[in-house]
Amino acid sequence: MKERVVADISRLPLHGMGAASMTWWGTLAFMLIEGTGFALAIAVYLYLMSVAATWPIDAPRPDLLPGTIVTLLLLVSLVPNYLVARWAEQQDLLKVKVGLVVMSMLGIAPLIGRIFEFKALNVSWDSNAYGSIVWTLLGLHATHIITDLVDTLVLAALMFTRHGNNLRRFGDVQDNAMYWNFVVVAWLPIYFCIYWIPRL
Amino acid sequence: MNEDSTQRDLRDHDLDRPSLEAALEKTWKTPSGVWGVLTTVDHKIIGRRYIFTAFVFLALGGVLSILMRLQLAQPEARVLGPDRYNQIFTMHGANMMFLFAVPVMEAMAVYLVPLMVGTRNIAFPRLNAFSYWMFLAGGTLLWIAFALDMGPDVGWFAYVPLAGPQYAAGKRADIWAQMITFTEVSALAVAVEIVVTVFKQRTPGMSLDRIPLFVWSMLVTSFIIIIAMPAIMIASTCLILDRLVGTHFFNPAEVGDVLLWQHLFWFFGHPEVYIIFLPAVGMVSTMVATFARRPVFGYLALVMALIATGILAFGLWVHHMFVTGLPRLGESFFTASSMAIAVPAGIQIFCWLATLWDGRPVFKTPLLFVIGFMFTFVIGGLTGVMVASVPFDTQVHDTYFVVAHFHYVLIGGAVFPLLGAVYYWFPKMTGRMMSERLGKWAFWLIVIGFNLTFFPMHILGLQGMPRRVYTYQPDMPWFGLNMFVSLSAIILVAGFLVFFIDAIRSARTGPVAPDNPWDAPTLEWSTSSPPPSFNFVRIPVVSGPNPLWEQPDIMPVASGLRTDRRELLVTTLTKAIPQAREASPRNSIWPLWTAIATSVMLIWSIFTPWAVVWGSIPVAVALIGWFWPKGTPEDEA
Amino acid sequence: MRTFLAFLSITSVCVAGCQREERQLRLDPPVAAALDEIALMPNGIGGAPPETYFALDTPYETNAYNLSEGKRLYSWFGCKTCHSDGQGGIGPAFLDGWWSYGPEMVSIFASIRDGRPHGMPAFRDKMTTEQIWQLAGYVQTIGAYAAKTGAPGRNDEKQTRPAENRAPAAMLFDQGPKPVHRDQGTTP
Amino acid sequence: MIRELHGLALASAALLTLSACTGRQSALDVHGAAAINLKQLILLIVVICSIVWALVMIALISALWRKRDRRERPSSIDPATEHRLTITVVAAVIITVVIIGAFTILSFFATRTLNVAGNDDLTIKVRGLQWWWSIEYFGSTSGQRFETANEIHIPVGRNVRLQLEGVDVIHSFWVPSLAGKQDLIPGRPNELIIRAERAGVYRGQCAEFCGLQHAHMALFVIAEEFPAFEEWARLQRQDATTSSSQEADAGRQAFLAKQCAACHTIRGTTANGTTGPDLTHVGGRQYIAAGLLETTRGSLAAWIADPQTLKPGNNMPMVPLNAEELKSISAYLAGLK
């Protein structure tokens, strides 16, 4: 078939940022998948609660302290997270390096808190359905923190290599920041379910 | 790898066609040999692989159904014992749903969507390779387990408590649950790829109202997958936790709930039906247009029907639970929603009829299968309306009536269009035509065999024959019809044999196919058959929904892409205006390593929860290897 | 292909791990009779199971189906009334890690079939030989320090201890169990 | 055309069989209040759907084989035809909506006939176990309660409330000639009201996959006139008949001495096992082993001798008995009318 050139695209950039980047959309899609997962897990929590006569089931209410600390840590981490994203947009390598290191710290901190959270639940996963679902919710979210932490660590390391100063890396940093926002936002309803619904 | 400066930034308009094709081939080709097989990220190779594997599983599942028909041909037969029979019907269901139906539809999309939207590779090609390896691993796991008498025996729906820790001894149920995880991971991966490919890689000018209907159907399907599959992931995880570490999600004594499983399972399980059916809708719409020789009637209506089906799909799950004793009022709501889904289905049927009415039908094999589809699917749809009615359902639920119903929907509604689609796109995929003569044989044998096999099951159901029974007693009036069904199955099997023979023979020695054997309107037919590794020499530019009909002889193209690196065009979401010349990843072995690491972790975790901890380390390592930049031109930005 | 092989190996490993899964639903009477012929040491502790037992490849210690059947029989035949969930009561415990007559299948089989002093009744007339073997296999499973791969999971009932597939005996090990009877030594 | 003939053949065959086919366990051979309503609904919907299908097929055939004039290019579309087609399709969709709506309302009202709120004359507890049915009758006093298995006697023309309870896994109670099915779910008791309009024996079967012997989990509902029912109940409340013959007496001895008594109850003897069916009046039941065999001395002997061959995987073990014991025990059980 004969071809007629009707458009010249040679002047287009070699890589799109934000909504022009495919990884951005990919991250969004995975956030949708995991968001659905969280929503369903919470639905299971509420379903079991509706079946149960008492809630929590023969266990004291979970202690607020560790969970609340973790929540605060996560909320605080949003600030540097936002800054990293902006620095990445401005392609400021130095600041991004610093920011990523900070974010790595702020990724590890809540994980430590998380360990105490499991203790603070005051119930074992195998004592009844209530124990099972709160452990699962907590664990499910912990895996997300870990995932993004590993991603952050690898990115941080990457920024110190020759691959660091590259538009794609800055894009990755932005996507990673976006995912972290998701991890934090997803935590809030879970926090409410685990710690506050039993207190209502 | 460093390209020398002359090669650097070489654009396609700097070259004449032969050297341009050579340069693109050099950049995009998959190396020959085992290494190429293991490292390729070409959506066409992976798509073909996917399709082939899925059809292998179809054949295996068919063998199982023959065994079941042997056992049921006469009362109290002893061909199979209850233990083996239960494994076999479970395997048949799980295999057909998770290893054939869903993967094969996604596989068709993996192959066709990038071609139809006029891009050079699918989005996230490495994820695509990974998803295939995961699919293969899951299927292999299930079948090896079956061969070792460890096949799941709790039904493809694995209802608790029967699948729970107390009543399902051994690892059989865990293997089912973990096989789910494998296939869901691969399905979700493909869904993401398709969504992003359709959103961002459409060729310039392909605005939303110009997207081919098959692509639309796959887009909707992918969203259904993204929303529905997490449910089964959660469910199967809870099941494994109950079985392995003693959680109590489904233990009534510890305030768990048995019906929770059914809610989670069917919240996935019903949309699953549309995950299988909607791609078929897309295929039918495509083939009807081509063989009726006119654009499909009611493009907008069809797209809306697709979306409506996709949304309604999530409002029907309870109609699988009408006899579990849920509140009747709630059930009536689900009756209404289940009935409502007949409306978009009706719209689709009517639009196709209108297209055929106004068109000039050309009776090639693909169109025959479309006709066979309408003939059988309408029956399936109508019996669907029947079981959507609560009172009706209380009599036919879990009987052979339902078996007949969903085989009419899944085989008549999805497999017939799929077979038509294979005949239709075979020339594009292999560069050779399939035989019209054998095709017609296959069509008649399959359609007649199918109806003779499955129609009587409606009657058996109303006569009181329950599902999932490994035998029935001589004093029940079911013998005659069961024997008839078993005999008719032979015709059906013969039909599939003819199809397989034709496919294999044609792939080797079929007549060589031209670029556009059916004079079809969509972009995949504008490139050679089979397409080159880079799909299109120059990126086509479209100005309508049926480009090859609107401009039969001249193809408007865009130029300016680099040839020294894998480069494709990213365009805007709605209007498809070019945004960037994005790089597409090169071949890599890491997806395979990741798949192996993940598989080890998943299988290991059937035996101990610690597998998740230790097993995830190699996975992380493999993923880092996957994403670590290799300093190729693709990294430039 | 390579993955296929990888999986072949992995899965065979798993199979080796989770033992045999096939379900022997019917035991021929002669076999059952032969399985009854155990050789017990004079002191009633340990001994040799019949040849048939090995010919069948010791099905009652590892086969998941037999173990779950054993678990069913444990509650059906009222073992709980004396041994509770295995933590003991009127009768000795199984998961404190101590065995009055040793952990061999033969001893356990003999204890169930013929009974033991201090109140363990004989089940000869209540259970068939196959059932006794299945029950013996299950009892051995409760007391195992390392969970058998084929060990049953939890029941759909109120929980009193971790299920057999989590090696409760390893968690609930008791340094020095108090003997239920004076002359029932603490040493295994 | 063959396709169409084939289709018509199937359709008519369907309708014929629907009207013709009967059976002791058929949704179309109905003798119960609920089932009768359901049959009418089923036939109505089936007929309407068949008509719809036929119409669609006619449209398809004519669309495929109608005469048409040439057209120059596939992409060219004639607005006038397009307009006509649009109207037709819209009309068709409207008709679909109407039919669908009708069905919805229809089934909504039919659903209300299924409700269990109505008053009842008799309450029976039905427990589903792998793989048999335990039936418990209550009376005004505790002395009047009794248990039986796999056989429910009900008085004709009375509402009977069944309390459905799943003991181990999910089962489903389904006697199609009397009513639609209802699941027996562990931890979620259900209820179902059945009412037999005519005396007769109606077969039912577990309709939810429940494991190895799901296929052999039948039960029988025996509807009889009230006096007969009363007489039956009176008999059931009594202890087992003291064995008359000497052989039966030996059988009783053997039954109590062997493993049998560990799982089965025979009221009036020391046998009080609860894991198997109550055998107090087993000889009077029509079938044994959940509808597997008709109750005869021979079948009893065969069943006891080798249950795992007749019903592989069921929970009844093969008890070692010599020929003598087997004979006497079967005689004894057969005598327990």
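Lettered A, B, C and D in written order, each chain numbered from 1.
The criterion applied here is as follows: a contact is a pair of C-beta atoms (placed from the backbone, for glycine too) under 8 Å apart; a residue touches a chain by one contact, two chains touch by 3 or more.
Everything quoted here is computed from the prediction, not taken from an experiment.
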Nearest chain to the global Cα centroid?
B
Compare the CA centroid of subunit A with every other chain's and tell me the farthest one.
D
Please work out the Cα centroid separation of subunit B and subunit C, and write it as a whole number of Å.
46
Using the average of all C-alpha atoms in each chain as its centre, how far is it in Å between subunit A and subunit B?
30
Please work out the Cα centroid separation of subunit C and subunit D, and write it as a whole number of Å.
39
Check: subunit A positions touching at least 2 other chains come out as 126-128
Which positions in subunit D are in touch with at least two other chains?
186, 212, 312-313
Mind pulling the subunit B residues that touch 2 or more other chains?
81, 83, 161, 166, 242, 245-246, 248, 251-254, 257
Please list, in label order, each pair of chains that touches.
A-B, A-C, B-C, B-D, C-D
Can you check the complex and tell me which residues of subunit C touch subunit B?
1-4, 6-8, 10-11, 14-15, 17-18, 20-23, 25, 64-65, 67-69, 149-150, 152-159, 162-163, 165-166
How about subunit C: which of its residues touch subunit A in the complex?
154, 159, 162
Touching residues (chain side subunit B, partner subunit D) in the complex
81-83, 86, 155, 159, 161-162, 166-167, 252-253, 257-259, 293-295, 297-298, 301, 323-325, 328, 331-332, 335-336, 339-340, 342-343, 346-347, 349-351, 353-354, 356-358, 360-361, 371-372, 374-375, 378-379, 382-383, 385-386, 388-399, 447-448, 451, 455, 458-459, 462-464, 466-473, 476-477, 519, 521, 544, 546, 549-550, 552
Parts of subunit D lying in touch with subunit B, wherever the complex brings them together
3, 6-7, 10, 13-14, 17-18, 21-28, 35, 37-38, 41-42, 45-46, 49, 52-53, 56-57, 59-60, 62-64, 66, 68, 71, 73-75, 77, 81-82, 85-86, 88-89, 92-93, 96-97, 100-101, 103-104, 106-108, 110-115, 130, 168-170, 172, 174, 176, 179-183, 185-188, 190-191, 203, 205-216, 218, 291-292, 312-313
How about subunit A: which of its residues touch subunit C in the complex?
126-128
